[in-house]
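Structures follow.
Shared chain: chain A. Partners: chain B in the first complex, chain C in the second.
Moving on to the complex of A and B:
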């Protein structure tokens, strides 16, 4: 079975070590703006939410790519950008409805989470367990339940 | 069941592959009329600037990709459809029979009705062959006139400017990319291009082209000005390839009329991509969008319906575009021009060429325009297509339109200690 990143915002303290680890792993720099995972902040409510590609089965990015530059890694299930083939047309960046494919103006190509080939650096770096790499079946269910219960008028 | 797909662009190729998965043993024939492997027009600008070789434009990279899937690729073009005999008559003189037929014949560039358009040195930028012609003539110092600053014109503008050519752009609307950008954004793109040394004439038409003296061509403008040119690139719009359907009884308007199963008025004939007048998600009306993601969606849906799958109903495609004009990246989505009675949010930094405009209906995002903003932009599509109710986040977006991801996360997920997940 494939594993997936489980993101638990309630455990996130906003330390941004995941962004540092991601940019260092993938771009060899400590620069959060180059990170494929992003912590969104809600300062007025004291909340933080790490967010990145969920490797969705619809794979909007992959189907929108005009040059077959996004492929599925059979080992991890990740949708990966092949940088040599990507022309930088950015169609995937508007096609991904989750906003998790981004254009990198330095390289002229797009970047997205590739699960670091099966050893995601963000999960390793997270000191509070807000980002874990677990069996894919387990991710998101508690969150969906919680959101559903929030959505029911009391 | 014998499947014939006419047109080897993205819609046709996606449909052929999807059909193969659904119908492992049905014969599938893919008919294309260009003398190349199926390729992507989206990639042509990158071929023009020599970032990629010709093979880099190919839709599929493996040379045996189609034969391995038992998809027969035939180079020919369609002359007419004989619905009674269930045959496509081909221009080579032969014919191809079908049980289910997909028309994915795309579109072609249209020439403006002005004298001199047949002179040598005037090119479209539509096919790989056009790109080769332009690439060989766009030399440093060459005077190049680009007619039309729509999406196609703008994606090749960068390639022409990078080649070192002395570039002039003529656009008849009052701004650049008028069908994708509002007044503010379209004029900011114009200012950006001018800053990079490109001459841009908006609200201007080319009225005639004649042979020049110092240069090969001379273009007369509606302003009275005459512009010399070594090469003229015409990008004044495209039209669906539907002429071969004259007399076939297949209903057409701007493109081929289809229902929500991508089916024409003949139940065995389907249409997809630039030639199909498909459902628009935002308006519920049927229009030719002529964009890559829509072509791929159409292709998938058409294949499922050709294979007889139930429930493959088109909800409509969100019209959207992303454009890189000399390094200034712009995008627009859905009802970017807004909806009567709806609210909007706007953020503009003219000096830094940054702009974001959001359009709402009630508390639902229905459209957006952005300039100089590339991070997480796809979430605009997500919010539009899921019709997410933004609640209090609508007001927060009116105050700061850049907080789209935060609005999305808080509107769709349980976030934070109060989310009821940790007990």
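Moving on to the complex of A and C:
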């Protein structure tokens, strides 16, 4: 069973613990600018939204890569960048419709979410449950349950 | 080792920016942020100088845990000599700028001199330059923030700046970062503006590393986060209600300063409380509170994001105030509300927006308006003085008009911008100024909470609740419950809170964690990150060292024992209602013993033995 990151913006407070956890896991320093997950602030609305790669089945980035540096991790379903193969051409960053693959000028390679091999550090660090790691086939379960509750006899 | 070990020195007179190594001998004794920057300031300026002269310096300082995964590790402070009090000033802020400075590779930035023309500092990792701020001068904080993001085409820039109030010389102007977080007290923004420094725009991408024992650090911070999550105040009360959770509590114990501290309970408290912020309004069905919000790295998230009722008189035809923005914290709600007798939640929220928009301290502003209202009531101030404003207690219109005038430095706003002490002196009623060392009181009446009287009288930056928040013990029972009406044991309590707080303020962590954490929770995080072998004992000692350093600065600046006092109203006029009815603050019972346990002379001067013991 594959799992997926479930993002619930209504629970996010904008603390960026996820960005620090991600950069620490991947770069061994606390550095939001190198995080694979980003939290966006919508100031006038007073809202926050975490956003990262949704691990598309037919992944644009994977198909666009001219050197086959992006591969599927069979265990997690994540599309992972093989750093040794990546040539930093950035075509995948153009191909991704969601902007979740990005170039890292320090390494000259691209970076994207790889689900931390099945234990995503962002979900572990999120203090409010805005980021959870759940059954990939049922990311709508909590919302379904909330709506279902409206149909039970009161 | 958590420190970047580098500071940036910006000479505004010469227009130069130079990196230099951090003095690690001092870092091991004063940690960072408040402590370490105070040490730098005390070493580098003459405490007697005019705070608004080029000889003053202004330091923006992070702590060793700023920018790390430690919960609340995003704080920074602005340290300078205060134009409001003449004492050392240290104002602490959250938001995101502290982390950005650290990520750019610096522990602190020292500004010295005065630029001949308006400038801002643009800092991108190792590249620091002063750029012209001519186009920004005269703009509000919100306009400046937007302009800088547009000019640099960088949505990720973090910005701290001063508003129009600071440019116009308001003596309690702050430095606002990330639109509505502020190093708000003691006029640190006034000093920044006096240097012709409009803003600091930072982009840091280096990362914060140098953790002494990274594995241990992650373990210690995770353990500490669980303590915050499991505590009823930090895990539930603050995220849901914000600091405003205190409004009804403090009112019930009879410690809610009301109408310029004439009374100790406010009949309108429940209309401006946290609970009121949750009630949907008629016009659009939305409550005042949109959401809670976190500063960088904070797992508590006590921040308030609010909107004003779209039909409220304050914002009709003003779309710029219709979106969500920084909402009322308890201190702002108290000062703008109960102290002025105004119970209109939307008017208070609007005044709070204006304080953010043009960068001035809502505590000092609200208290100054309250003093003006009392002088108006007794006829010492007239409409001719106020430019036609009816400065009556309870008038929302007077409050919001006053905020607009202080923001821009116009009309009667120019006098309100001088603070309560100078305003009351000018109109012949110095006794009506509710200040210590020239700084206005925060929201706890010391007649109902005795330890807070000693806290205010001895605070190194004038009246302030954040120097030793004994409310924690006296009202909330954290870490142990003491009787708020008792004076015995309070000198010891105040000293312990002062020292512990000075240490926490020097780490990069938020003092609100101490509703749940003691130094036993904090020291393991600091120790895992930093060299120096940190324990709760060594942190207490560092705190005591910092306290004495600040004290000595103030004595050298010319303050004396006579400044360690409270306004007569709090010492002579008894509380009229509530549990403290009939009580005044018994400062005289606490102060001599406080000096004694501090190791100070009967004149409040640290003895040579004390200074040697602490290695100040």
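The criterion applied here is as follows: the second predicted complex is superposed on the first by the 139 of 154 C-alpha atoms of A that agree within 3 Å, B and C clash if a C-alpha of one lies under 4 Å from a C-alpha of the other, contacts with A are read in each partner's own complex, and residues count from 1 in each chain.
By definition in this document, a residue touches a chain if its C-beta (ideal position, glycine included) is under 8 Å from a C-beta of that chain, and two chains touch if they have at least 3 such contacts.
No experiment lies behind these values; they were computed from the predicted model shown.
Student: With chain A superposed, do chain B and chain C clash or fit?
Tutor: Fit.
Student: Using the touch definition from the top, say if A:47 reaches chain B (first), chain C (second), both or neither.
Tutor: The answer is both, since A:47 touches chain B and chain C.
Student: In the superposed arrangement, which partner chain does A:66 touch: chain B (first), chain C (second), both, or neither?
Tutor: It touches chain B, and chain C stays clear.
Student: Based on the superposed arrangement, let me know which partner A:23 touches: chain B (first), chain C (second), both, or neither?
Tutor: After superposing on A, A:23 lies in contact with chain C but is clear of chain B.
Student: Looking at the overlay, does A:100 come into contact with chain B only (first), chain C only (second), both, or neither?
Tutor: So A:100 only meets chain B here.
Student: Just checking: does A:2 make contact with chain B only, chain C only, both, or neither of them? Give me first, second, both or neither.
Tutor: Neither partner.
Student: Is the number of chain A residues in contact higher for chain B or for chain C?
Tutor: Of chain B and chain C, the partner in contact with more residues of chain A is B.
Student: In the superposition described above, what is the shortest C-alpha distance between chain B and chain C in Å? Please give a whole number.
Tutor: Here the least C-alpha separation of chain B and chain C stands at 6 Å.
Student: Both chain B and chain C contact which residues of chain A?
Tutor: Residues common to the chain A contacts of chain C and of chain B are 45-48, listed in rising order.
Student: Show which residues of chain A lie in contact with chain B when the two form their complex.
Tutor: For chain A paired with chain B, touching residues are 8-11, 38, 40-42, 45-49, 51, 60, 63-64, 66-68, 85, 87-103, 105, 108, 142-143, 146-147, 149-150.
Student: Which of the residues in chain A come into contact with chain C in the complex?
Tutor: Residues 13-17, 20-21, 23-24, 27-34, 43-48, 125, 127-128 of chain A touch chain C in their complex.
Student: Which part of chain C faces chain A closely enough to touch in the complex?
Tutor: Residues 67-69, 71, 96, 99, 103, 156, 179, 204-209, 214, 218, 225, 229, 239, 290-299, 301, 305-307, 323-325 of chain C touch chain A in their complex.
Student: Could you list, by residue number, the parts of chain B that touch chain A in their complex?
Tutor: Within the complex, chain B contacts chain A at residues 10, 14, 40, 42-43, 46, 51-52, 56-61, 292-293, 296-297, 300, 320-322, 324, 327, 329, 331, 333, 374-382, 385-386, 404-406, 408-410, 412-417, 419-422.
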